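I am attaching a structure below and will ask some questions about it afterwards.
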Amino acid sequence: MENKSPIIEIKGLYKSFGKDKDVLKGVNIHVKKGENLVILGKSGSGKSITIKCLVRLVEADRGEIKVFGTDLSKLDNDELNVIRLRIGFLFQNGALYDSMTVRENLGFPLQRHRAEFTESQVNLAIEETLESVGLSEAIDKMPSELSGGMRKRVGLARTLILKPEILLYDEPTTGLDTITSREISELIISIQKKYKTTSIIITHDMACAKFTSNRIVILRDGLVYTEGTYETLEKSEDEWVRSFFI
Amino acid sequence: MVIEIKNTFDGIGEFVLFIFRFFKELFKPPLELREFVKQCYVIGYKSLPLVAITGFIMGLVLTLQSRPTLAEFGAESWLPGMVALSLIREIAPVITALICAGKVSSGIGAELGSMKVTEQIDAMEVSAINPFKYLVVTRILASTLMIPLLVVFADGIGILGGFVGYNIHSELNIVRYNSLVFETLGFVDIFPATIKTFFFGFFIGTIGCFMGFTASNGTESVGKAANSAVVYASLAIFIIDMLAVQLTDLIF
Amino acid sequence: MKKDVGFRWKLGMFVTAGILFFAVTIYFVGKQKNLFGSTFHLKSHFKTVSGLKIGNNVRFSGINIGTVDAIEMISDTSVMVDLIIEKSAQPFIKTDAKVGISSDGLMGEKVLVISPGTFTFKSVKDNDILTSKNAIEMEDLMLSMKKSIDNVALISDNLAQFSYKVNNGDGALSKMISDEQFSSTLQSTLVNLQNSSNEFAKFTESMNSGKGALSKLVTDEKFGKTLDSTMMNLKTGTKGLNETIDAAQNSILLKGYFKKKEKAAKQIEIKKANALKKKNTTIIKSDSTKRLLTPKDSIQ
């Protein structure tokens, strides 16, 4: 039963920038616990905005967003932060803090939210998390010294260190070569198994979608165009949907 | 045209709200002390060499330039006092502030702008760390407190520069020079100028943060943020200076 | 966290040095203005303080010993000035010391000057009131300056008038300056004068040393005495003669002769006066013709 109840519910999400720029025109998405949902769409279809609305990085104009059964729009800042801590967000390029080493990047959220941790506990958590993304050797490097793939992994480690229940991936494989993309996709699966998270993955990389998805939602011009598993969508008669799979 | 004017006012309004937000966040309890100290170091200590060199040169040049005119009246002994007075009242605060507008304000603008563009600020936000508090409040506070300190250094080093400049043409020992300087100085010269520098520091920090924090996404906006930070900070310095002079005139 | 320690001491040094420097500056300026250290107060009443301000220096024997602390109006003619003075100057200021206001240079600030009293008096105490000397106001200075300038104007006016008259008038001075003929005659007169004085010199010399009658008259005492007695005789002689003439006039025989003599004398006098009148008119005529001629000369 618990597996079936939706952990994320998006109803009639509407967002526009300026007068004529309607990005989202009533998106409905729901994600069940433990599910890996892939959102597909061309650039400008509103994928990124949708998941940014989930952590209220972008305020929706209309519509209801429920995470863990709570309506986000009714929360004040402190209550929102409680929810935010249960959600991990991996940005496109990792969004590592340039002025800090990898260790400090990982330690930063810990210092804020795990004030009770001793220094050794913090170090242990950092090393453990880095190991789970396979980057133990990079612990004292600066972000500028890391490659694109490594940055994403460190970024992932940083979101994982607070042990979130939901993980949001914004284009996790963009700008990476096929081999590294594959590695990242594998990492997403292994993380999901290890930490028992629910994930939303935004991508236009079909290999990644195929590898990671339980279910796929396709957005077109701010609306959900269709949804289904990779296999069903692959066999779709719709020409526009098929264009993704070529 | 109308839209441009409207956009200008819109920008000013946004800036005013930004300042309000700063004060609101400033008085919320947990202060990011570590980051604040670090920013003090970056803004204060790291700008010291630059400020020291310009301060020294200002004192030296001011002395050399004023000497002929004063010598004409046979009032060369007024030179140290006059140089110290103009340094403390006007030159050191404004020059230091302008230097810091170039170094600190643009630095903050570029740093926060690039953080914004690479979603580091968003990343902070989603990991439930208030980026405004962590990035903006600390920087504005550091700049508000460090710029006056830098100006004090510029004052001192500038007066020393004046001493060196004075001794190029005539001879005077440092003790007599000092007493000539302090004979001319009053609290009226020191306090308004010092209060002024806090405002300089505040606006240098605030404009840098504002430009960086509100940068739009895209790499070119980083350069734009840095550039407009310098331009508007410099402009703000002159406007504040003008207001300060008028206020000082009114009160004293 | 290792990096923290690296920059922290530098920051600490920076902040400490800055604050210390500021504090030292404040201290020195404060010392200059007597905010710190032990002080005492003196008061004095003035009619006017001539723009004296709070914070102006107080001098005693040319040394800055304090500052003006407060200036208060007491009545419409009196202003009270409160001074802060260094304690160390207290024994030297006597109760009969006087306070005056003067300027520090022509454009400088006002200063209060305490002129020392006599040493027989006691030293002042805290909050004593010293008598004041009225300041030389810039206005007074200007007023007296104006008077002398007015005088100068008057003098120069007169001078102008005078010189105009000299240039254009008829007087001897003007002639002396402008008339060539006059000057040449003046010169010849002077030459004559010189000649005659030379002659006179010779004459006096010969008179002093010579043996002639005149010289004897001047130099010889004996001769003088005899001359004196001769003169006396002469006097008595003439007296007798006068008496005989009087008697003759009164005698009927000679009356007609004397009357005739009187008439002739009168006629001669009238003739002389007429001749003089004629001479005068001719001089005026010749002068006016000269004047008419001069402009033409100048044209030529």
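Just a few scattered comments:
Read from first to last, the chains carry the letters A, B and C; within each, the first residue is number 1.
Here, a residue touches a chain if its C-beta (ideal position, glycine included) is under 8 Å from a C-beta of that chain, and two chains touch if they have at least 3 such contacts.
As the structure is a prediction and not an experimental result, all values here were calculated from the model.
Taking the mean of C-alpha positions as each chain's centre, the chain lying farthest from the centre of subunit A is C. A comparison of C-alpha centroids places B closest to the centre of the full protein. Our note on geometry: subunit A versus subunit C, Cα centroid distance of 106 Å, whole angstroms.
Chain geometry summary: the mean Cα position of subunit B and that of subunit C are 64 Å apart. Rounded to a whole number, the gap between the C-alpha centres of subunit A and subunit B is 42 angstrom.
Remark: subunit C residues 4, 7-8, 10-11, 14-15, 17-19, 21-22, 25-26, 28-33, 55 touch subunit B in the complex.
Within the complex formed with subunit C, the subunit B residues making contact are 34, 37-38, 40-41, 44-45, 48, 149-150, 152-153, 155-156, 178, 182-183, 185-187, 190, 194. Partner subunit A is touched in their complex by these residues of subunit B: 111, 114-115, 118-120, 122-123, 125-129.
Listing the residues of subunit A that touch subunit B in their complex gives 52, 55, 57, 81-82, 84-85, 87, 89, 91-93, 95-99, 108-109, 112-113, 155, 158-159, 162.
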